[in-house]
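Okay, so chain A shows up in both of these, paired with chain B first and chain C after.
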Partner chain A sequence: MLTLAMYFNHPIFLVTILFLLILVNISHDRGKDLRKWLPTLSIMSTLIILINPFLVSRGTTILFYFRGKQVTLEAFMYGITMALFIAIILVVFISFNLILNGNRFLYIFSKILPRIALMIMMAIRLVPLMKRRLDEIGDVQRLRGMSMTVGDFKTRVRNGMLRVQILLTWSLEEAIHVTNSMKARGYGTEGKKSSYTPYFMDKRDWVWLFVLAGLMMLCFYGGRLGYGKMIIYPELGPWQFFWIDWIVFCSMFIITSFPLFIEGREKIRWKLSI
Partner chain B sequence: MEIIHIKELSFQYPESDNYALDGVNLHVKQGEFVVIGGPSGCGKTTLLHLLKKEISPHGLQSGDISYIGKPFDEWDERTLIEEIGLVFQDPENQIIMDDVMQELVFGMENLGYSPIDMRLRLAEMVHTFSVEHLLHQKTTALSGGQKQLLSLLSALLLKPRVLLLDEPTSQLDPVAAKDLLIMLERLNKELGITVIIVEHRLEDLFDKADRVVFMNEGTVVYDGKSREVIHQIFNRQDQRFLPYIPSISQMCLELQHSPTIDQIPLNVNEGKARLASLPPMNPIVKKENQKLNPDAESIVELKDVYFQYEKTAPMVLAKLDFSLNKGDFYAVMGGNGSGKTTLLKTCLGLLKPQRGSVKRFGRKLTHKSIDSVHQQIAYLSQQPHTFFIQDTIEKEMQLIAEQHEIQDSEQRIKSLLNLFGIEHLRKRHPYDCSGGEVQKAALACMLLTKPSILFMDEPTRGLDSVSKIQLQSILRQLHSEGLTILMVTHDIEFTAQIATKCAMIFDGKITAEAAPHTFFTGNYFYTTSINRVTQNSQYPEVLTLEEVLHSWQTHELA
Partner chain C sequence: MANARASLIIVTITVFVLLIVMYTVFNYHNYLLLSLGIIGCVMMLFFIRFEMKSIKTREIVILALLIAIAAVARVPFAGLPSVQPTSFVIITVGLVFGAESGFLVGALAAIVSNMFLGQGPWTPWQMFAWGTMGMSAGLLRQFLGMGKLWILNSFGFIWGFIFGWMMNLWIVFSNMHNFTWEFLVGIYVSSFYHDLAHAISNVIFISLFSVSWIRILNRFKKKHGLLEDSTLKPSIAYDHSGK
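Moving on, here comes the complex of A and B:
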């Protein structure tokens, strides 16, 4: 999807992709995470759309002059596509975060970089653990009068640093136990590490993969011929859709809405079976 | 068949003058359940770690360890990893993966088992221990007991013949600890796995063990069947190890002069039978004057407090009323997740309840007042080492004295260190001290500012019996000097001995509140083992061994 978004720059394509992705995201967790990001997203997009035309003066269709510089329609359009593009990336990553938990992440990467994947995995697990420890330290230190909310800036910073120092000492101490536990279960022994994989590709998955790959090819082929793209510089191209544009649009639409289709079908089945 | 044979094993840590182990001889037969006990720092953990070759500590080692007749060095690495499993002390630190399933298969993956083999073993294990419901959970969401079970299972998946356990229950609450021990007994009886367990809490283990080994200063002091060891320790009145004997055995030994070895009871059932067979005595029924003085000034008061951690999470405290009076030694008990620690943190002002009022010293708690009255409050958390900023205990105390402008600080520091008996640790780094020592050091530091209330979160967790008795006498003394204490604990025996007021928290409320004697007597399960023995017997119910010794025997003599 990301590649598709990068490939096409026709605003209609991008708007469609964004719209579908938001729907996909909503299907994951009713848009809870998305809502948190919404302010950032809208501010960023608006800024890009507003600033781009004033910084870039390429293009031929001049709208007006600002302090002697030309503000062009092309740059304005380009800003819009950029903003859409960034919004798409963000939404994709929010979905990515929701779907790809540590385990699946490890599964995908352990084939290529097994050791590094394991390390990343452990580091990820440590973050909430450290957070909890820091809270605990904070409680204890606050009650002995080393507060971070009272006093001048310098003492507060010093108290904060002390907490981090305790956290580090503590965590280093605990790290010894973690390594022992790993070694006790044969980590680092010679011989190949195997993988217990609870994820399988069954026949249906292959069929869908095949279909999606086919559609993807179609999109790329269409894109190479210049369909689904809009010429912005030096002069804004026509908005017009050719029939091949429509084909490319449809395949893109299907690819992007694929998760929605799967989830939606499940929901409908559930509803009907009651 | 002898499975582990240790001969003249000595071990010295680098940069240390003393031997951690000094000529240890130990033979373990296949299928034996061996318990190793002893005070902190006696070398029992070192011994256990030396039995697991991959993690054996660096240092000077002499003597032999052999496994099924062959020295360790002649075995290949893989066999030893598979056949000798180890479960560590802290459930928090030995779990590596994010997900229960991944954690379980971690060992098998490392050793390169085929997926089919792994799936088969996993299916079998998960089914046998009926942990299906945990399989797809996050490891962080598990309780301490579940985490420890998970570690045990992941060691078992390699099909070990010997299972080593390093204080596996020290961080667990009594119910979870009991469950784990029952599991071990089952593994030992049903699968014939040899179990070697190092433990502080021996109350229940004597009954389960085939053999008990006591160590002190790097040597084996006692080694034999449970009853034999108890008998020997009692006859010699060995003060070092008397506290480790189960209170039931101790009670019967005290009441009956020179019993035979077979007469020593190890569990409640045997204790009851023993007590019934004793010649009749007429103990004085001392009505204890444990009155709750309601007139005392209330220093912490909670009214109609509601608390939940998240909007969607269930209520932890609901319509809770609580008041801590001046001079109380208050113990709050309750199961895991019942809200004990939440209550404590609410009293401390670390958590702000959604509804209700929290008053301390008659004033409402605000953000500012928490920070301004901190000298009056001491908080001993479950991780006492988080208290220390400096690298020695001495510097820490001096810093506190400086901060609070304490007069004649040196003298006070000295007297406090003496009171806690940790004068020798003065120049030690807090992380180099044992759990009990750090706790004492932290308490000593806190008391420098002469606080009026002491809050403690599970003070007996991870302490051995001797440290526990020391803590008990220290707390008793502090309390008699006028310190008000609020503690949250699981430890029934400990509470029964020192608290003046007990409360049970259940379903977000304080459901029962009474003096310990009234609180515990009559409880069926939630009471001391001595009380369980004396319930429904011809004698009046008692709670602690001390009570038995004081009220029963004096009369006999008179």
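Moving on, here comes the complex of A and C:
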């Protein structure tokens, strides 16, 4: 999807992708995470749309002059596609953060980089613990009169870092206990260990992967021939779609909304079976 | 297992070469994708080296702990804008535990802290910038009398800027079609105050806490025999620092 968005720059394509991705996102968690990002997203997009025409004066269709610099329709359009593009990237990453939970992350990376994956998982698990400890240390330090909120800049920085230092000395010793307990459970010993993975590829999954890959190829081929793209510089191209544009558009539509189809079908089945 | 690793190296190098071929031969210039691919390949080599090395279990756990601390160290400073000690933690780790550990802690701390703050196309850049920060600290510890506080301070100060410049690159690359020199200069000028704050906070942290942190980590390293570099001679400068 990301590559698709990078590939096409026709505004209609981009708007459709963005819309579908937002729907996909809503199907994950009813748009809870999306709402948190919405202010950043909208501010960024508006800024790009507004700033681009004033910074870049390429293009031939001049709208008006601003302090002697020409403000062109082309640069304006480019700003819009750019903003859409960045919005798409952000929405994809929000979905990505939601989908890729710890188990799946470890499953994907433990095949290629087992040690790195283990270290990342361990660190992710340690972060909430460290936060809790920092709170505890902070409580004690406050009782001793070492605050982060009052005082001049230097003492505040010193007090803050002192907390982190206390956390370091506290936790380092415990890492050795963790190691011992890992060793007792047989980590790092020679010989194979089996593990249960709840994810596997079905025959159905392969078929769908194949179909999606085919549609993807179609999109790329169409894109190479210049369909689904709009000429912006030096002069704004025409808006209309040719019939091959429609084919490319449809295959893109199917790829992007594929998660929606699956989720929707499950929902319908769930409702009907009761 | 060793076979799989070797093939992984070959795959990484092939992808790297293919990326360059794609750039030069075909007229398809997607700079963001290209830059991310190249960064990924470069970092992959470091990760593979770590995977192939024989390493103690406790060293893995210690590194994971240091990553978590580097990521969480931002929390108490949430009230002070653009002051974050993550860079300081990474530099210290590089100084005490060597270049490779510095790189790992830097790169992985970026992933881990972004797990909580939100991943994005900037993650690989952040990984690379912090990773090289830790690595350079580890590489330079033998030379230049890095035991002296003022040299360490200037090291941290310079890195505050280099980090910001590296992070600016992702904005530049994602806007490559739009590229003008004014645009580039504009981005670097607008990030100046942020970089300066980063550099100054590095200096403050290093001058206030580097001695005690290096002492703590060195003591721990000696006590448990962690991450000794057999190829490099142990850094004498830090063995008695702070006494």
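Operating definition for what follows: the second predicted complex is superposed on the first by the 262 of 274 C-alpha atoms of A that agree within 3 Å, B and C clash if a C-alpha of one lies under 4 Å from a C-alpha of the other, contacts with A are read in each partner's own complex, and residues count from 1 in each chain.
We adopt the following convention: contacts are C-beta pairs under 8 Å (C-beta built on N, C-alpha and C of every residue); 3 or more make two chains touch, one makes a residue touch a chain.
Since we're looking at a predicted model, the values are computed, not measured.
**Q** Would chain B and chain C fit next to each other on chain A once aligned, or clash?
**A** Here chain B and chain C can both sit on chain A without a clash.
**Q** When the two structures are overlaid on chain A, which partner does A:120 contact: first (chain B), second (chain C), both, or neither?
**A** Only chain C is touched by A:120; chain B is not.
**Q** With both structures superposed on the shared chain, find the angle between the C-alpha centres of chain B and chain C as seen from the C-alpha centre of chain A, to the nearest 10 degrees.
**A** 70
**Q** Answer with first, second, both or neither: which of chain B and chain C does A:144 touch in the superposed model?
**A** In the superposition, A:144 contacts chain B only.
**Q** Output check: A:97 vs chain B and chain C. Expected answer is one of first, second, both, neither. What do you get?
**A** Second partner only, chain C.
**Q** With both complexes overlaid on chain A, does A:165 touch chain B (first), chain C (second), both or neither?
**A** In the superposed model, A:165 contacts both chain B and chain C.
**Q** Given the touch rule stated above, what does A:82 touch, chain B (first), chain C (second), both, or neither?
**A** After superposing on A, A:82 lies in contact with chain C but is clear of chain B.
**Q** A:187 contacts which: chain B (first), chain C (second), both, neither?
**A** Both: A:187 reaches chain B and chain C.
**Q** Could you say whether A:178 touches chain B, chain C, both of them, or neither, answering first, second, both or neither?
**A** both
**Q** In the overlay, answer first, second, both or neither for which of chain B and chain C A:154 touches.
**A** Second partner only, chain C.
**Q** Would you give the minimum C-alpha distance from chain B to chain C, in Å, for the three-chain superposition?
**A** Minimum over all C-alpha pairs: 8 Å.
**Q** Touching chain B in one complex and chain C in the other: list those residues of chain A.
**A** 122, 124, 129, 149, 165, 169, 178, 182-183, 187-188
**Q** Quick one: in the complex, what on chain A touches chain C?
**A** Per the touch definition, chain A meets chain C at residues 3, 6, 37, 52, 55-56, 78, 82, 86, 89-90, 93-94, 96-97, 112-116, 118-120, 122-124, 126-127, 129-131, 134, 138, 148-149, 153-154, 156-158, 160-161, 163-165, 167-169, 171-172, 175-176, 178-179, 182-183, 187-188.
**Q** Under the touch definition given earlier, write down the residues of chain B that touch chain A in their complex.
**A** 52, 54-55, 77-78, 81-82, 85-86, 88, 90, 92-99, 101-102, 105-115, 118-119, 122, 139-140, 151, 154-155, 158, 345, 348, 350, 367-368, 370-372, 374-375, 377-379, 381, 383, 385-389, 400, 403, 431, 446
**Q** Hey, which residues of chain A end up touching chain B in the complex?
**A** Interface residues on the chain A side: 101-103, 106, 121-122, 124-125, 128-129, 133, 136-137, 139-147, 149-150, 162, 165-166, 169-170, 173-174, 177-178, 180-198.
**Q** Sort out for me which residues of chain C touch chain A in the complex.
**A** Per the touch definition, chain C meets chain A at residues 8, 30, 32-33, 47-48, 50-51, 55, 57-58, 60-65, 67-69, 71-73, 75-77, 79-80, 83, 85, 89, 104, 108-109, 111-112, 115-116, 118-121, 174-175, 177-178, 180, 182-183, 186, 201, 204-205, 208-209, 212-213, 216-217, 220, 224.
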